[in-house]
Amino acid sequence: MITFENVSKFYDNQTALRKISFSVERGEMAFITGPSGSGKTTMLKLIYMAEKADEGRINVNDMELSQLRESDVPVLRKNIGIVFQDFRLLDNINVFENVAIALRIRGVDEREVKSKVFDALKLVSLRHKTDSYPTALSGGEQQRVAIARAIVSEPVIILADEPTGNVDPDTSAGIIRTFKEINARGTTILLATHNRELFKNSGKRVLKLDFGNFAGEEIG
Amino acid sequence: MSMSYSFRLAFQSIIRDKWVNLLAVLTIAAGLLFTAVTVLTVFNVNLITREIPKKFSVNVYLKENLQKQEIDNITATIKKEPSVENIKFIPKEDAWKELKSSLKNTEYILEGLNENPLPDTLEIKLKKDSINPDAVKKISTMLKQIKGVSEIEYGEKFLSSIYSLSLGIKTIGLTLIIIMSAGTLFVCYSTVKILFYRKNREIETYKFLGATKWFIRFPFLIEGATIGLCGGFLGLLGLLILYYFVLLKVGSTFPIFSSFVFPLNMSYLLPATGFVLGVIGAVIAIGRIRY
Amino acid sequence: MSMSYSFRLAFQSIIRDKWVNLLAVLTIAAGLLFTAVTVLTVFNVNLITREIPKKFSVNVYLKENLQKQEIDNITATIKKEPSVENIKFIPKEDAWKELKSSLKNTEYILEGLNENPLPDTLEIKLKKDSINPDAVKKISTMLKQIKGVSEIEYGEKFLSSIYSLSLGIKTIGLTLIIIMSAGTLFVCYSTVKILFYRKNREIETYKFLGATKWFIRFPFLIEGATIGLCGGFLGLLGLLILYYFVLLKVGSTFPIFSSFVFPLNMSYLLPATGFVLGVIGAVIAIGRIRY
Amino acid sequence: MITFENVSKFYDNQTALRKISFSVERGEMAFITGPSGSGKTTMLKLIYMAEKADEGRINVNDMELSQLRESDVPVLRKNIGIVFQDFRLLDNINVFENVAIALRIRGVDEREVKSKVFDALKLVSLRHKTDSYPTALSGGEQQRVAIARAIVSEPVIILADEPTGNVDPDTSAGIIRTFKEINARGTTILLATHNRELFKNSGKRVLKLDFGNFAGEEIG
């Protein structure tokens, strides 16, 4: 589903990733971990093409990213649900609309939007915040809106970047449980985190990064 | 992508930033009002000065005692000239009466004269584009050579001054219109662009969520178009108020302004320009969307 | 708080957002150029029309065969009138010569006259503020009653038309200046304000970090002032270019424009206005800072 | 140093804090914990007066907050170093300037600024990112810049809101160690987190919140 072959990414003054090879099977759930600045976010950005790889090949959902036409990028992204590390909520629309936008972009029928959004918000325990604006939410609440937006469209792939950095352990466990349920229904999930609790005893594969280098793989 | 959704998004955004959007609308209104006022002023001044050349005529004094037939021949010859608009025959009796009436209080100047000393005259009005010093000189040389013509008279000074005046007003008017319009359009465009800048992050988020270019652009275009259109209508409203209250009032005191022309059928131009500017401003502000 | 730090912060911010700041500068420049062009145009048109009344005079025709003493008395009486600017005595011989020369090609009109039929004339120029229909009528009634005066003549139509023209130009000019200036100032202010809006979060962060009001405001004010000042100087530059290249060129073709007046010593007004607008725009955009 | 007496805070449609009484002694280090949305951030906001309490009294550094004149608010805040949950870095200045601003606001002599900023950046292992702009940093790096800014001015009180939410456990441990060292030199520290690792076995007091209510105190 997601395949990295000798992928490198350089920023002006910095190697963010060096010759990374890695693959996630269709329907698999995998983790990326590593210290701060080791390239986790960069790896995810390469998958949804927010950045372009400088070397190597990336294949996502049978699409060869380096050969993707510009007009196919939205097609790629519509298959992916993303929880951004910095949430990226839209400040000028309320929580409901922030989640609904993922459906609207995918052209989901207006009649289905409401129930799907409410279901997603229920999963992250935010039904009572439907009408709030992002600026009036606590950090953890914002993060959960971001999660709801990523899962509401039932994408083929979910990329989650530190999705539990701002929530308590119980909520965190609930979120992981939700991800596992979604994964069980066939969705491929790649989750970047430094919270070992998330993958400990999960039985899932964990890719370790260190300063942009591959630093081993383990089963959590 | 549903249209109604784009509209809702656009109007939500407009309402959320209502004050600064209002400011942009007012700015565009002011800008378009400027252009309109300038264009109308120049247009009207030009209209008034265009009337001046109509007063210009070339007088052809005829030799004495010509036959009707001869006069008709001369008239026909002159009429052939392409630059001649029309010809009026003024018998010397009429000219005499006119001279007397024009001297009015001082007509005793003419008391000593027993006999009308004035000649028959052909008053020639020239076509508008021939009213310039060179053309008139050429024509008058030509006229002088016609048999039966004794003298040619035209206000040389008057001619050259109206000529330079009307050309000057045209030049300065056009310069003003160009400066003002260009400046105003730039100001309007710039306002929309400044208003939209820093939406980058918002646009980036849409992109990352998988939105197509038009899904992203549409709400912004609607927003820009609405702001531009509102600005245009407000500018038009301002112009109409200005026209009715100020100019009609001024016109009642100074009749010269009561003939001020306001081409109502062109008034759609203001909202239209506002609309186009809003859309273009937004398009350019959003920039080329690359995934 | 160190001044130099505020300046560095301001200039860093200006440079980081250079394109949109440039747009704001250009907008302000355009706006101020507008006002300046309008004011200068109105000012100059007014200057030209102010010359017209100088050509207006009241002619007092004297009875025939008055003694030098009598004429002097009349002159003295008239001179006492407060509205009289000056008086010129034109002997009938001079008037005769002038009439002859003005008839030029048609002087044969006068051929039958053996004797000069014209009277001696006193040509009276009135003070500027007395050149209006009512005042002139009053004075002419008064003049008629002076012994030795036979007739009073003045161009009634000319008078009323120059009077309404100059009043009209003044009115329309003032209206234009007010609309344009108000609009322009608003546009400039609005541009700065739109430019600064959404800095709320930045300002809030400064506040939370313990910055005092002036520490927060200062960089923004410097930014606004710089943008306004640049806009003002650019507008001035545009005005000078316009003046030298367009008007001096037009002036060489149409002498009427070569007398176009440009008050160079007022040119500091543009940068000054820009500066003030930039500062005010920034102040209002930042708003009242509450902790 | 920090005293809450029956403090309540209501948002339009929400009770964020209900009758909270709590105090932190001068030189103490204490934790606030509780699930997402329980009012941790709100409590800190009340201390630095980003929000005003609707009921009760708050005393900070011998200042009665309800009676503070507006012009004294900056004085209060200059005594406090804050790590915001959402970092609040200034995007238009680089990392060095983002940290230096805390000193500039306090009128620190320009000659001292450089060395102090470098020392603070070294403590959070970011000396190599001095010239970067916040937008070019990873999530964890941004968080560490925020920490450096809070400690660089050596304030009397440090308020840290979820300061380790975006960093790996090792970095996290390092940060807590740094806070403890600073605390040992006499600085009062109040730290809001849901990461139990941070206060486990710390021997420090932990205030527990739950939906805005006081939910017990324990020693970590």
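Residue numbering begins at 1 within each chain, and the chains themselves are lettered A, B, C and D in the order written.
By definition in this document, a residue touches a chain if its C-beta (ideal position, glycine included) is under 8 Å from a C-beta of that chain, and two chains touch if they have at least 3 such contacts.
All of these numbers come straight from a predicted model, not from anything done at the bench.
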Can you list every chain in contact with both subunit A and subunit C?
B, D
Separation of the C-alpha centres, subunit B versus subunit C, in whole Å, is 22
Could you give the separation in Å between the centres of subunit A and subunit D, each centre being the mean of its C-alpha atoms?
29
Taking each chain's centre as the mean of its CA atoms, how far is subunit A from subunit B in angstrom?
62
Between subunit B and subunit D, the Cα-mean centres are separated in Å by 67
Can you list every residue of subunit A that touches 2 or more other chains, as numbers and ranges?
none
Subunit B residues touching 2+ other chains are 17
Category of the chain touch graph - line, ring, star, complete, other:
ring
Touching pairs of chains in this structure are A-B, A-D, B-C, C-D
Which residues, counting only subunit B, touch subunit C once they are in their complex?
17, 20, 23-24, 26-27, 30-31, 33-34, 37, 41, 61, 99, 105-106, 108-115, 117-118, 151, 153, 164-165, 167-168, 171-172, 175-176, 179-180, 183-184, 186-187, 190-191, 193-195, 197-198, 242, 246, 250, 253-257
Residue ranges of subunit D touching subunit A (in the complex, touch as defined)
11, 33-37, 40-41, 85-86, 136, 138-141, 143-144, 161-162, 165-171, 194, 196
If we count contacts the way the header does, which residues on subunit B are in touch with subunit A in the complex?
1-2, 5, 9, 12-13, 16-17, 201-202, 205-212, 215, 290-291
In their shared complex, subunit C is touched by residues of subunit D numbered 48-50, 70, 73-78, 80, 82, 84, 88, 90, 92-93, 97, 101-102, 104-107, 110, 149
